[in-house]
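Okay, so chain A shows up in both of these, paired with chain B first and chain C after.
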Partner chain A sequence: MKAKSRRTVLQKRNNLSSWLLSLPTILWLLCFFLIPYLIVIIYSFLTPDIYDVKFEFSLAAYRQVFTGGYLRPFFLSFKLAIYTTLGCLLLGFPVAYYIARANEKLKNTLLIFIIIPFWTNLIIRIFSWRIFLAHSGVLNATLMNMGLISQPLEILRTDLAVVLVMVYVYLPYMILPLYSVLEKLDFTLLNAAMDLGANEVKAFFSITLPLAVEGIFAGTLLVFIPALGAYLIPQLVGNQRSLYVGQVITYKIKNIPRNWPMASALSLTLLLLVALMLLIMYGLYRRHVARRQVS
Partner chain B sequence: MEDIILENVSKDFGSFTAVDGVSLTIKSGELFSFLGPSGCGKTTLLRMIAGFETPTSGTIRLGNQEITDLPPYKREVNTIFQNYSLFPHMTLFDNVAFGLRIKKIPKAEIKDRVREMMTLVKMEDQAHKFPDQISGGQKQRIAIARALINKPRVLLLDEPLAALDLKLRQHMLIELMNIHDAVGITFIYVTHDQGEAMGISDRLAVMNLGKIVQEGPPDDIYERPASIFAAYFIGETNFITGQVKALYEDYLELSCDDGTGQSFEIDSSFQRPPVVGSRVTFSLRPEKIAISRNKPRAQDDINMLKGQIEDILYLGSHTQYIVRVGKLKFRVFSQHKRVYFDDKALDWEEKVWLFWHDTDTWMIEGDALEELTEAQLSEGGQLSRALKRRGS
Partner chain C sequence: MKVFSRNWYKGLNLTAFSLVMAFLYIPILILIIFSFNDSRIIAGWQGFTFKYYILLFQNTAIKEAFRNTMMIAMLSTLISTTLGILTALALENKRFSGRKGLLALIYTPLVIPDILMGVSLALLFNFTRVNTGMITVLIAHVTFCISYTVIVVQSRLEGFDHSLVEAAQDLGARPSYIFWKIKFPLMMPGIIAAALLAFTLSIDDFIITFFTSGRGFDTLPIYVEGTIRRGTITTINSLSTLMIAFTLFLVVITKRIRKILVSAL
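The block that comes next holds the complex of A and B.
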């Protein structure tokens, strides 16, 4: 009994000091995260005016989210996020695997190559893709010179261009978490699987993939969630026929008459959808981990 | 019947030759060991039999089938890996069932066979656990079960006990022998631990620098090493090097490298009698030498030397004496029995007699000082090192 109460005292003291230590962070989050969010929430329940809002309660914005033709942007955004994630996963996995198996020197060099794009401004990188994909751009010029095509491909300003550039931008966010799990993978396990009769493909699906699940989860989160709210890339390389949620939200604020409540309601809906996705993925992950604790 | 036939197998890694022209036949049901220092090529050889490496030249056959270029998953061979390599994301049951599931065996049969295998390795009540929840010895058992359930023709064991502590190692060694007896298939065992190899093997091959130095039953290699390396690597020994001065019917005179001539009676049944004037090395195991304060009764077949105790190492089961004879140093092991040659224990600086039977003086052609490296000499025999230092 005595030992127990002493522990509680220690725990209390511990709690107090950890509270004090985390106070700056809490204040920061409160001022720059929670309060702005509250503003967004409040705005979503107000009535739009030409430039600003009228402080009259209204549910019109939310009603419109579901009835005003906004399902298509949501659908497009989800499709884009799924394509981007799958593209990053399919391209990123072999790259991460190769880096993880490379020798120490090559490993570091390759990792630097993965990180270098972060040093250049995103807009510059997107514009270089525009130059690359344009009607008379590098890609078309090369293909035509090689005689592979007779007319330039119209890639820029298509949905394909959006997916291409999205995959390009988000690829490192998939490669790095995958690399970190594959780097820890004991490759003799693959030898063991092959020794027990599994060919390369079976060994990959029964050993490598399950042991990389944590990296796949992490990479998927890092790619999928930002991809859902993509604005810049669709705006710069996409077309006006396919508008994504991020673009729609921007237009609601940019175009006069402005509709702040609509923009707020759309972003909160997106937020809820992301939260739902997170919960589902967390649930899946928990189930994956829990399997190991049955004993 | 033969299970594994290696014909002139070599493996190069770049300019480094890991395995150099090994030819060998391993009989069906045999427990065969490859023994040698790290880097001698024994693991590469095993990996070639398992299929993880392809020989640069030569052929490997499993029974009548040539398997030289077959991938690992097409060979009737399974491996116990050094660190067990159990799949961390699977239960022990799933680990053991892995091979059968790949072969798409019906579920009910898998269940029965896994249970049977788990019973063989005494892990039947732990099937639901994960590898990180069991001890090293238990992991070892699961690795054995996981391999044997596939009914391989040959089981390969790559330093399987290296990660276990001494007591467990001794226990698992006996367990391995029992399992070998129970399943009756060929085991190929790779180790750098000569105690393990000697204890467990029907036959073993001593390897050095990619080549097989000697192969045979453990006692044969220990008692009759064919080369200086084999004598050095298996057990401990005293090397005496010198030039044959005179050869008689049952003894020879040796001009020892220390300058003082010593005569030794040796076994007259030489395989190849030494030529007078040639350099030879004698290997004399420390436990073959008796040590006494009193001069033993002279006999025809006994070698005797008088020396002085320089060092005494009490090791529990036996004591190691370092005895200086002239400029030679001998290592002598003496067991602690209640029956001493006399009452009082031997002491430092004491004058003693060393004596041994002539058949225990094993002659090897060649020169220990030239064939072994300085480092090997310093582990293998202080005697030879002392000689080398003086010689140079």
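The block that comes next holds the complex of A and C.
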């Protein structure tokens, strides 16, 4: 009895110290993460002004989001996020697989090679693609010297360039989670399946892929969600004919006349889209786990 | 037959790997090579020069942007790592009544596109009429770094052997002694990893800084984007090369630090 009450006192004290330890972070995130979203919600119902907002209630921003041609940027961003995720998956899977099967010493070196670009400044990596793809850039010069093309290819400032650079930037985010699941994969299973007469394709679809699903989910989370809000890459290698949500939001905030209610309404719609995608992915993941437990 | 086709499979993966490596590195290599190119425009090799490196060191705007970047990175690393350590210690207590809510608060920023944090902070600073500048950028950087530092330190705390702590408790060591002499040194690799991550995230960030920095406070990514937009890009190649060199330096340093720590423990 005495021991028990002593334990509850200790527990209470522990609980209090946990609250005290985490208080600075809780306050920080409350002030600079949660409350700012409340302000976004408030601003989305206000009236725009050239440089600021007027504190007059209005539903105009929402009306415009759903009727004023703002669905196209959402559609484009969604398409871009899908292309980027698929591109990263297709390129990332063989790479992750190759690293996972390499010997221990080589593994670390190869991983560092994947991580270095990931640590290099984003804007520099995007800029390097501008040099590479430009009208009189290195790619065109090389291809023309080799006689493969007679006219420079116009890749920079196209939607293709946007997808290409997006895949380039987000590839490590797909490779690393894929690698961490593939590394745990028992390759003797594969050999056994093939000894029993399964060919590579069959072994891949019945053994490797189901075991890699967790990595695919994690990678998709890390690529798809940020890709929905892309601004910098479309801005630097894309064109002004196809504007993505991130660009439209930024223009409404930065360019004059400003329209902050519009930017807020678009941001909240994007947030809703992200939440929806997370829910769908979570549902799919739960179904996958349930199915695996059955079989 | 089987052996042959298995080699074919392996070869396919090797080919894919090599192609992806080329994809990852060719643009960066070209950038580095062209930073030594004696030509104002990108096309064609006009001869080797250090000219743009000299111009770089004479450029006061770049120097100031560099100073700003480093100052923000160091301060936000310091603050976010401290908050991360405290929070990770709080989360270590599995019976902590606010644990679930706190974890949700920490993980949510990670699954929301960066641009939304930028927009929401921009509106916060507008609503509160705070002048944007160094302080607002610092606040923003700490905000996006916290989640990462908490998670990294926490994973280290969960990973280590608690028998050492228990042994010290059984031998009657004071809690403060246990913390500073046993727990803190064991947490150190996690703390360093968290700090390095916060540092790299901070110097890399464009979008959130873009929304929270006012006119007159440029970090390097903001400066570089501005010059690309204005088309005055002569020094950007050399600046980029130096920044890549700095990245490589960080990679090597982390490996060293990890090695030293491993051998010290």
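Here is the rule we use: the second predicted complex is superposed on the first by the 268 of 295 C-alpha atoms of A that agree within 3 Å, B and C clash if a C-alpha of one lies under 4 Å from a C-alpha of the other, contacts with A are read in each partner's own complex, and residues count from 1 in each chain.
Convention: contacts are C-beta pairs under 8 Å (C-beta built on N, C-alpha and C of every residue); 3 or more make two chains touch, one makes a residue touch a chain.
All values reported here derive from a predicted model rather than from experimental measurement.
> Kindly classify A:L278 by the partners it touches after superposition: chain B alone (first), chain C alone (second), both, or neither?
It touches chain C, and chain B stays clear.
> Is A:I116 touching the first partner chain B, the second partner chain C, both, or neither of them?
second
> A:V40 contacts which: chain B (first), chain C (second), both, neither?
After superposition on chain A, A:V40 lies in contact with chain C alone.
> For A:S267, decide between first (touching chain B), second (touching chain C), both and neither.
second
> Name the contact category of A:I26: first (chain B only), second (chain C only), both, or neither.
A:I26 contacts chain C only, not chain B.
> Give one of first, second, both or neither to describe whether A:E154 is in contact with chain B, with chain C, with both, or with none.
In the superposition, A:E154 contacts neither chain B nor chain C.
> Given the touch rule stated above, what does A:I131 touch, chain B (first), chain C (second), both, or neither?
The answer is second: A:I131 touches chain C but not chain B.
> Can you tell me whether chain B or chain C touches more residues on chain A?
Of chain B and chain C, C contacts more residues of chain A.
> Touch check for A:A198: first (chain B), second (chain C), both, or neither?
first
> Share the list of chain A residues that count as touching for chain B in one structure and for chain C in the other.
Shared contact residues on chain A (touching chain B in one complex, chain C in the other): 194, 199.
> Using the touch definition up top, name the residues of chain B that touch chain A in the complex.
Contacts found on chain B: 50-52, 71-73, 77-79, 81, 83, 85-89, 98-99, 102-103, 128-130, 133, 146-147, 150.
> Using the touch definition up top, name the residues of chain A that touch chain C in the complex.
11, 14-15, 17-22, 24-26, 28-29, 32-37, 39-40, 42-43, 52-53, 91-92, 94-95, 97-99, 101, 110, 112-117, 119-125, 127-132, 134, 136-138, 141, 168, 171, 194, 199-200, 221, 225-226, 228-232, 236, 246, 249-250, 253, 260, 263-264, 267, 270-271, 274, 278
> List the residues on chain A that touch chain B in their complex, please.
186, 188-189, 191-199, 202, 206-207, 210-211, 292, 294-295
> Would you mind writing out the residues of chain C in touch with chain A in their complex?
Per the touch definition, chain C meets chain A at residues 2, 5-6, 9, 12-14, 16-17, 19-21, 23-28, 30-31, 34, 41-44, 83-84, 86-87, 89-91, 93, 95-99, 102, 105-106, 108-109, 111-117, 119-124, 126-127, 139-140, 142-143, 146, 150, 200, 203-204, 206-207, 210-211, 220-221, 224-225, 228, 233, 236-237, 240, 243-244, 247-248, 250-251.
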